[in-house]
Each structure stands twice: as C-alpha cells, then as structure tokens.
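Just below sit the structures, each encoded as structure tokens.
The same chain A turns up in both complexes below, where it pairs with chain B and then with chain C.
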Partner chain A sequence: MINVFKKFLNLFFKDLFKEKGQVKLGLYGPPNGGKTTLANKICKDWIGEEMGRTSKIAHETREVQIKEQITIKRDGKELTFSLVDTPGIATKIDYEEFIRAGMNETEAKTRAKEATKGVIDAIKWLDDMDCVIVVLDGTKDPYTQVNITIIGNLEARKIPVLLVANKVDLKKADIKHVRAAFPQYEVIGISAKTGEGVDAFYEKLFELRNKALKNKR
Partner chain B sequence: MLTLQFIPHADIERLESDKRVEKLLKVVKENKIILLEGKLRSQEEAMLIKRTMEEIDESFTGIEISPINIHRKEDEAFFRKVKGMLINLLLGDRQGLTIIGPATVVKEIKQDPDKIQLFTEEKAKRQKK
Partner chain C sequence: MPHQCVKCGAFYGSGSDEILNGCTKCGGKLFFFVKKGKEELFAEQRKADLTSHDREQIERDVYDLIGDEIDRDMPVVLDLESIRILKPGQYELDLVHLFHEKQPLVYKLEDGKYMVDLIESFKKLRKEK
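Here is the complex of A and B:
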C-alpha cells in the first residue's frame, strides 16, 4: 500500500514538473559520495532548511527526495530550480555489510531491500532530469563501473553534467585523479561538509542551468 | 571452483537490450564469471544494474562488472587512431571485453595498462587471479 502511494507521489511530482517546465537538477553518484550532504548545504544556504538525513553507513538515502523552488542569487543573477536528491547507485548490496556496520539483522535486511528499490528509482528518474551533478567521493578511485555507467547514461540522454569531487577537506582527496578519469568534463572540487569550493560550485550551476534550458528549447 | 564462461558477441548481437541483459544475468546467477566479447551500451549497463537490483536476495548480492579496453601505446599514432575509428564504425560494440561476475564470487576488478586483477571471495580470503 505504502509503495503504491510512493509510486503515485513520484508520478505526481514528475507530471507537476513537466507542467511547470521547471529545471530539475539531479544529484547522482555512488553511495556515500556526499549527495545528501551537498543537498543539505544547498538547501541550508538558500532556503534555510536541510533536505535529508546523512549517515556514515551507505544507502542512508533510499528514496528520491525533492525540494522545489530553490533560488540562488549571485551578482544580480537568479537561478531557480528543483533539487532532486537520489539514492546512491550500486551494482551490489549485501545486508551483511550493514550488520558489520553495527545494525541488527532485521534492520540490515530491511535497509538492503529498501536500498535496492532506491537504486531502481534513481535509474528510472534519469529520464526526468534536465541537468545533473554527479557527486563523486574525491578520496576514492573514480574509475568505477557505477561512475562510468551514470556518466555514460547522462551523455547518451544529452543531459548536461557537472562533476563534483567532494570531500576535498580530507587529506586523501585527489581532484587531479578525478579530472584524469573524466577529462571531457569539468570537475569542481568541493567539501559539502565544510563549504570549501562551494562558491565556485554555485557559479557553475548557472552555466549548467543555461545548458539545460538550451536543451529544453 | 571458479567457472569462466566466454560469450561471443555473435551470441547477443541479434538480441534486444532486455534479452541481452536477461541472458547475462542468468549466467551470473549460476555463479559463473562472464567474459563477454565487446561491451554493453550505457543504457544496457543501467538496465543490467536495475535488473540486478530486482534480483537481489540473501544469496545473490549483486554483480561486479568491468569493461576492458584494449589499448596499446602505439595506438596513439595518428594512423592507428584512424584505423581504430574505422574498426569502431564497422564493429561497434564488439571491441574490447567485459567481465561480469556475481558479487559473492568477484569482490573487485582492477585494471591497469598491463594487467587485469580479479579479486575473488573465498571463505573471507582474498585471492588474486
């Protein structure tokens, strides 16, 4: 019953976006890259409230979250969009990993089940995005199949993309490595947690929106 | 025991995307590691992830997948690039190899210019192949 209701809500929001012709900005990436931390940073900065819960355990975001009418103002310019935070995309989900992270068996199995649905939803929502920020963990190897699949699918759908190498506040972060992995894309280094690099990121959002509007015409 | 199954491109080229994905997933669920000639299209990769998620349960925890590009240094020469483009035009997705394995067997696939490393799971012990 709850699932039917969720499906209805998803469809309702998709149709609502279509009617209003809003720019939908999606946050995509592997689990634990910092998508929701970035979504929270954007929402806190521009509408004064957070968007979702974060956790060190992967797959904390297991449903697509939407925040409408976010307006960024910079140097007399305005950018309004709807932010869509998606569950992390993975090729494997093992409930035993959640147990190792401290959950009991029932919680772990529930989380795994919800996480698989979250991945499916995130992939389904790809078709509805006008532009996407791919949030990568700057401390990890960027040459993963999940990253390649996400970026390849956006490219195939001609959806404008901005790559973000998150967690630059950590010593292990290597933005050059991310840039080398995806030389055809612009990569912005940020820390959604500390706010480092976020100003430059907001500036880039205007360019991303313009590309999305051009595509829509 | 590890079982590697080679799937030539000819076996899947006439199949629709969803049938290709079904065929690959069926083999992976038999606990075999697939060596697929060629690559999947990005939409097919997404479809494979989606179908994998639908199949996940306590015994099947997902897949590891890695396409392998076969590049050599001399490929950088201009005429080689042109040759590569022509091959791409003629053969399409047939170039390279793709390794797909069940996550319960294949923990990680790493590749560098000279070697491919398949880290397998066996009673919590890591093995390099």
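Here is the complex of A and C:
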C-alpha cells in the first residue's frame, strides 16, 4: 500500500516538474530592441553564463538560440523554463544599412540574407512557444507594423504575452508612450543593460508562466 | 499560365517539359509563376533591373533561404508572396503573410515572380490532415 502511495507521489511530482520544465519562453521583437541583452541578463543571473553575442549593428542574432532548464527562485517559489532568443523581426532588410555600419559588401549581403532567414525561423518557432516576452526599444516609437503584427499574432494564437520596454536607462525612453500604444497589455520598463527594473520583471515571469500552464491544460 | 525561368528569363507554358526537366536555355530549375498577359511586362522589368550576375546571386540566395532540405535537382515553381528580393541583399518581408499559419512560405523575386517553399507547405498540409 505504501509502495502504491509512493508511486503515486512520484508520478504526481514528476508530472508537475515535467510540466514546469516544458514551458518555453520566447523573446520576440524588432531588431536591436535588446532581446539578446535581456537573454544574457537572465542567463547570467540564474545560470552564470551568457547566451549570445550582442552588437550595435542590427540583426546580430540570426539564428534561434535556446537555453534549457533555467530556474528562477524567489520567495520560496521556483520557476523553470527554456529560454528561446529569436532573431529580430523586420519588414525590410537592406545590406546597404550594414555597409553604412562599416561592413564590406559581401559581408553585408550575407548578413541580410541570414537576417531574412532569421525572420522566417523566428516566425516558424512561434507555434512552439508557451509564452512570449516582446522586447521593445523604449526609446523608439512603438506604433510600428512589426510591433503591431507580432503582438496581434500572439493574441490570435492565444499565447500569453508580457511587453517589456527596454533601455529605460536612456533619457529618450518613454514607457508611457509604449503603454499608450498597447493599453490592453502590461508593460514592464527595464534596462537589460544596467539591471534596472529586472526584479519586477522576474516577478512577472511567474504570472506569465502560470498563464502558460493554464493554456496547456 | 506561363512560367518564367528565374535565371535567364525564358518563358514556358504550364505543364511544359522544361518545367519538369529544367530550362533548355540555361538549365535553371526555378520558375516564376506569371499571370497570363503579363509576360512582356515582366520580361522588360527583369532586363532593366537586374544583371545576369544579380539573377544568379538571387537564385543562390533563394536556395540558401529555403535551406538544405530542398532537392536542387527538382524544379520549383513559385507562387504567392511573402518575401520580395529587390536585388541581392535587399529584402522586403510581408509579415502578415509570413505569420499566417496556413500560407505556404513563398519568396517573391520582383513583381510577378515568386517562389514557394514546398517542403514547408507540404509539412503544413500533413499537419492539417
């Protein structure tokens, strides 16, 4: 009888943890919003290593990157997830922009091609996500086709979303503007670079995970 | 409906042997689907906009974008549009199309010239079944 009870407990906890471990958290957004900087911040804080390379030139991340089994601990609570960093989504990719940033023509054209493939891959991966953080550049106009299309599609697919207005350490950042653009969503202001607002962001991840698990059931 | 070879611009009718076996002039396996009556317009545009080097580059880029899964010896006919390649290194992406789950993944190379990612489209079809 005790064995049966033990078996039941094992199965129950195994399923519980398995379910938690299976949550895939995607970072989506336009290029240069700070997705990889945020991914690096999360990874450094909780597993002690960085996830990817960042650059001032747009489209530095051109392949989907995954870090499995990241566990965040807060006030006795635990949250385990896989973090998926995706290439920036854009409507136009032009190699001349990269040439202006100092690349030669061949490098620039290759980067443009890889960035285009990156957009396709990022969109393909969307169906695998349990929840998504849309990382916006808080210093830029949020009313763009890219932002609206991403957020609209997440809503249509019923994927729980958290909006992050990044770069609040910069004077030009305007969270109110981002909030006004997407009033139906919660917007968290952070600086992935300096760590400002990141504590509140981690707290929100628990809520996002709970919404994702609810969807999965 | 006619089809135009991506590489050299030659036109072939629907169901022609060239579409199944490759272009007789240049051996190309990629064909644009062209709406009836627009052949001349597209032929002119292509001559003006792109050099033969550009066209070859675009062909290579499209194969790279599709990935290694596609058999390069098989002919590919192009349909709807999601990505427009203006010239090598310049891309316009139609996000609404790309995000639409049931749309096949398609590349558009100039007006009226398109490419479908057949592998992805078939995967989607299988999923739907």
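Rule of thumb we're sticking to: the second predicted complex is superposed on the first by the 196 of 217 C-alpha atoms of A that agree within 3 Å, B and C clash if a C-alpha of one lies under 4 Å from a C-alpha of the other, contacts with A are read in each partner's own complex, and residues count from 1 in each chain.
Here is the rule we go by: a contact is a pair of C-beta atoms (placed from the backbone, for glycine too) under 8 Å apart; a residue touches a chain by one contact, two chains touch by 3 or more.
Being a predicted model, the structure only gives us computed values, none of them experimental.
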Combined model on chain A where chain B meets chain C, clash or fit: clash
Which of chain B and chain C A:58 touches, first, second, both or neither: neither
Partner chain in contact with A:112 - chain B first, chain C second, else both or neither: both
Which of chain B and chain C A:163 touches, first, second, both or neither: neither
Which of chain B and chain C A:135 touches, first, second, both or neither: neither
Which of chain B and chain C A:155 touches, first, second, both or neither: first
Which of chain B and chain C A:123 touches, first, second, both or neither: both
Interface residues of chain A shared between complexes with chain B and chain C: 89-95, 109, 112, 116-117, 119-120, 123-124, 126, 145-146, 149, 153
Chain A residues within the chain C interface of the complex: 89-96, 105, 108-109, 112-113, 115-117, 119-120, 123-124, 126-127, 145-146, 149, 153
Chain C to chain A touching residues, read off their complex: 57, 61, 64-65, 67, 83, 88-96, 98-99, 101, 105, 120
Touching residues on chain B, where the partner in the complex is chain A: 41-43, 45-46, 49-50, 52-54, 56, 58, 61-67, 103
Footprint of chain B on chain A - complex, ascending: 89-95, 109, 112, 116-117, 119-120, 123-124, 126, 145-146, 148-149, 152-153, 155-156
